[in-house]
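In what follows, chain A forms one complex with chain B and a second complex with chain C.
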Partner chain A sequence: MNKLKLFLLNNAAFIIFIVIFVIFGLLSPRFLAYKSLEIIIVNATFIGVIAVGMTFVLLTGGIDLSVGSTMYFSAAVLGYLVNDLGISIWLGMLVCLLVGLLIGALNALMITRIGMVPFIATLISMILARGAGMFITRSVPMDYPESLTTLDAINVFGVIPMPILLFALVVLAASVFLRDTQTGRQLYAIGNDPEGGRRAGLDTRRLTAMTYMICGTCSALGGIVSIAQLGRVNASFGVGNEFDAIAAAVLGGASLFGGIGTVFPGTLLGAVMIQMIQSGLVFTRIDLYLQPIIMAAIIFLAVLVDSIRSSFIKKLQRRNITRQGDAAAGDENADG
Partner chain B sequence: MDDTPIFQCNGVGKAFFGVKALDNVDIELRRGRVLGLIGENGAGKSTLMNVIGGFFPQDSGEMFLDGKPYRPEGTLAATKAGIGFIHQELNLFPNLAIAENMFIDDFPKRGPLIDRREMARRTTGVLKALGMDFPPWLKVERLMPGERQMVEIARVLASDARIIIFDEPTTSLTAKETEKLFVLIGQLKEEGRAIVYISHILGDVEKLCDDLVILRDGGITAAGRCGEFCVERMVASMIGRDIGSIYPPKTNKPGGEVALSVKNLSQSGIVSNISLDLKKGEILGIFGLMGSGRTELMRMIFGVDDYESGAVTVDRVPIRRSNPRDAIDKGMAFVTENRRDEGFLQSYPIVDNIGLVYMRDFIHPLTRLVDRKRVAGESVRIAGELKIKYASVDRQAVKSLSGGNQQKVALGKWLVKRPKALILDEPTRGIDVGAKYEVYNIINDLAAGGSGVMVVSSELGELMGIADRIVAMNRGEIIQVFARGEFDEEAIMRAAFRIHEDGMRIGSAS
Partner chain C sequence: MKCLAKTVLAALFVCCLAAGASAGEKLRIAFLFQDLETEFWVAGHQAITETLRGQGIEVIEFNSNQDANRQLEQLRSAINQRVDGIMVIPHDGNVAVTMGKLANRANIPYGVFNRPPSSKDIQAVVVVADNRTIAAAAVEYMCEEALKLGRKFTPAIVVGDLADPNAVERRNGFYDAVNNPKYKDLWIDKPIEIMSKWDANVLTQNFQSAMQANPDIDFLFTSSDFLIPNIKAVLAPLGKWEKVGHPKHVIFGGLDGDKTACGQIEEGYLDSTGVQDVFAEAEMLMNALVAAIQKGDTKPNEWLYDPGFALTHGNFGDRCQDMWGCKLMFEERGK
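For the complex of A and B:
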């Protein structure tokens, strides 16, 4: 019984995913069509890519509020380069990614060198990057060349949509990095206990700094994906996306306290789930003004299940003193 | 055996904010020998080891490793130079697997990726040598504290350190695990490694060490072959005076009235049907092995944890279940065993810690704000009464005090009002001889003043020294209660081990 419960709770994210999928499918059979599923994943790409970067930051126990503004600023730079200076889109995109990296580096500088709290540091760069983007664009909406906006429609090998391939590559690279490299494992360690990491001789500053730079770069990349899909960028581009990215990572099991979370399957599922809910609500023609409320309820439910899981696991691991045979070995700290 | 020192430090000094933590210290380590390092908390043992381990550089003096100057740039450099450090506070990451913890600063790699097979192979090897057969991919969070300590030790062994520093390694080990550790240290000696062993348990030091260095106030007060020291001489060198006895004379007199009463307390799987009475003015010792449920019981009585059935009263007033605030309001106080996490606010000064529990009583009648002046006055009074050594009551963070003084702060916050019933869980764990004596004194004075004091301890000698009655617990049950006249070490031990039923069973359940 306990085993079954544990299995269900451990795979909560996945189960909720399936349940939501089935409900929408029943409500609107059109939702289950291959094409609509493909659209969901394509649309999940831009938040997904940013959420992957966010996962790195959350793993260290940090947070990055600047991702939405980073998207906007790097998109503004890209627009300026290709529209006003006539630079090729490939070089432009490279510079765009560099801009994201730089904002990440700025965050890292404030957090690891000056010792600012991530929330405040990234709040500052959130305002700064938004402002810098507005300064460049004068908050006039920007259009991008067709060579960029049609990238979205390319099917690689004729079948795989470009955004899905990109998302898959980002998820693959990030999860291999986190799971199978020394640096990746050390990120989990310092996220669990930064002081312990320092004592163990880990370079916590460098590791922490790296996560913000990865997150900044991912934001710029997510921005490019979004530009290719929308074709146009106005002054509200990226506003509020930081919370979608955080929600996706947390839905996927990442902890805001650090040290817990995965890109695959966690954040991938979380990002697709958020998009699935949004599309599902549209497909089922639920009142537009009810949709955010339902969205909130579902996220609440997912996080609630997660906290039930943690306390249940704690209970299971609590030792049975009276009945179990030889209990001479100590575990009095277990509840401390 | 090669008798040139593998490691030397000459005239090492270190000061923090102008206060000397180490003053002109010389030590030598030799292959195949164990150096015991003892001293009161705050004597400079940790500072010395931290200098050697590369946590911070010394201010003066020099160190030599294999005859060459040694000045580590950081902990990693010290590890690379062959110095392994087993910390008193566990330095493991519970969210990672045992194997990952073993190699956290230097994973075996194949190309850019970590080599899981090699990690598993080496981890299994080292664990086996320590007599543990955990799967290498088990997460550390699943292990018991003692088992975690063994993993910490395994980690240092896997790094092939030539010099191994053990800082209070036995505080979370069971008797059997401690025994295993001592056998292991013997093997390490034979392999020719140099070992530093820091402990407050002088009997262990006497048994284990070849050489001895005793520190006090940052300087060496005595050094030599361990055989030249008896425990009394160790203590005298540590505290700089002879202590007449280890326990203060008892002046309390248990009264007839009950201060705290527990009736038929049960929680399935943890404790069953516990009933006990703590008299006013009485010191009641609770003895049990780790895992006997003693800490769990105290937490339930105070209301930190819930229980299924039973009743608790203080001075005949019922205490609400699972409600520490109610327990406090009705005169109960509780000093937990987990001082560092639950005992006080580490980064705050004494004032904030003393004002913590009875904050409401410090509210100014007119302004309805906390009267910080009164809290400060009260803090100075309590700090003086408990002989807390501090630089400033309102500016110095409690974490910068020594262990014994920290414990006094944890205790002192309850003394703003005189508690009717005070529960102390392991009040002297990890504090030095001098501070222990002072804690015993405080306990005695509180009981003499009419409070009921319940002391949980895994040191039976300590309970026999201070308690009026001792309750022996085993597996969540009270086995027997001993009155002061009939204290008998063996009988109490037998009760705690429940020997008449199970035969001798000590040690790990793994």
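For the complex of A and C:
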């Protein structure tokens, strides 16, 4: 019985995901179509990519408020290079990613070298990057060439949309890195106990810096994915996306206090779930004034269930350990 | 030597005061705007700043980059600089009221461009387009076109940000036309509402979902022309981005009257757009505010309305020159 409970609790996020999917499907049968799922996942990709980067930062107990502005600044640089300087789209995208990396490095510098609190440091770079983007675009909407916007319509092997493949690769790489590499596991260690990690000889500054650089690069990549979908960037591009990314990571089980969280399935499910709820509200034609309230209620419910799940799992595991301990003691007594 | 230095410093100080006094003779107007996100705001910004400067007025510009709090801080800064007048494109109707109260308290004439304050508790010159009437006019033309086709339609509306009075009024105008008893037999179902929050990304995501849920949408009104490229990006892959007269043409209308809309009506993809006369609106506000400053009226209170009109596929040849977006487009082509 406990095993079943544990299984259900361990997969609560996935179960909630399925329940929401089925409810929307019952209310609007077209929601269950393959194409609907494809639209949801494609639309979740750009926030998903940014949320993957955000998960790295959250694992160390940090936060990055600059991701939306980084998206905008790197997109502005890309537009300037491609439209005004005539640089090839691939080189432009590479520079765009480098811009994201640089903003991440700036955050890292302020946090790990100057000792600023992540909230303030990334707030500064949020304003800086938005300002720099505005300086380039002069606030005027920027269009991108078809060679970039058609990337979104490419189906790899004829079935997998390019954004989904890209998102899958990012999730796979991040997941393998966090789970199967020493550095990845060290991130959990410093997130759980930074002081303990330092005493154990971990280079916490280097590890923390790395997470912000990954997050910056993911933001720029998310920006490219979004540009390919929209074809145009205006002054509000990326505004508020930091909160969507944080929400996706937290909904996927990441803790704002560090040390807890996964990219797969956690952040992946979180990002897709947010988009699924948004899409579901459109499919079911809920009153526009009610949509934000329902969205907030569902997210609250999901996080609440996740929080209850965590405390239940701890209790169950404690009970199991006690029972196993009792059994072992019993065996010893019997041997004796 | 010390004495000489003191004399030079004193002379410099006097020169600065004199320069300040002579600068004070020139009217100084603070112009606060929320951003330059769309062609409409860019054109409005350009019309206001260029005309004011052309009249020899010093314009102090503040861009709040979509941050309501920053806009409020910028207003305080303008008041501290003792400007002669304040013109605002407010972040939203509530911010317009808060800023108006501060400007009224400081006895500085206050003007609001295009986005109306959410209450009339403040004293201000407000220039606003009659969004409801303009939207209704654009949608009425779409309904007439639908009637000609003699079949039923699935209507949809792209709604802006429901915190923005302009978005709400445009939505009301859409319903005024669609609910007109004359058109009651046109509709298969009640209109499908698609939230955009004035955000291209949100619109694209929600519109894709709406088209998947209701693939038969064939009558569409967007509350702002700046979203047309994103709507096209969703409709084109579905084979629904076709010109007027094509069996798969979606009867399509917008509002603003920007360059994109002009081009799309000319090419035949867009049936109509409600036009706000951005140049006339800018001129109305400037004239009223400058007149109040010159009269010494620190709390002018007047609401001025831009009646607007609908530029349609039918009247394009006659009226395109009246639409600001077309003027800009033709200017660019002329260059």
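The rule is simple: the second predicted complex is superposed on the first by the 305 of 336 C-alpha atoms of A that agree within 3 Å, B and C clash if a C-alpha of one lies under 4 Å from a C-alpha of the other, contacts with A are read in each partner's own complex, and residues count from 1 in each chain.
Methods note: contacts are C-beta pairs under 8 Å (C-beta built on N, C-alpha and C of every residue); 3 or more make two chains touch, one makes a residue touch a chain.
Model, not experiment: these values are computed from the prediction.
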With the two structures laid over each other on chain A, which partner does A:188 touch: chain B (first), chain C (second), both, or neither?
first
Taking the superposition as given, does A:140 touch the first partner, chain B, the second, chain C, both, or neither? second
Which holds for A:18: it touches chain B only (first), chain C only (second), both, or neither?
neither
Q: Answer with first, second, both or neither: which of chain B and chain C does A:256 touch in the superposed model?
A: neither
### Message
Just to be sure I read the superposition right, which of the two partners does A:36 touch: chain B = first, chain C = second, or both, or neither?
### Response
second
So, does A:200 touch the first partner chain B, the second partner chain C, both, or neither? first
Contacts of chain A common to chain B and chain C in the A-superposed view none
Interface with chain B, chain A side, in the complex: residues 176, 180-182, 185-186, 188-189, 191-193, 196-202, 259-260, 317-336
Per the touch rule above, chain B residues touching chain A in the complex are 55, 74-76, 79, 87, 91-96, 100, 104-107, 109, 112-114, 142, 144-146, 172, 174, 268-272, 289-296, 299, 305, 336-338, 341-342, 475-477, 497, 505-510
Within the complex, chain A is touched by chain C residues 35-39, 42, 63, 65-66, 159, 162, 192-195, 198-201, 204-206, 208-210, 212-213, 226, 229-230, 233, 237
Chain A residues touching chain C in their complex are 28, 30-31, 33, 35-36, 39-40, 43, 46, 130, 134, 138-141, 143, 149, 153, 226, 229-232, 234-237, 239, 275, 278-279, 282-283, 285, 288-289, 291
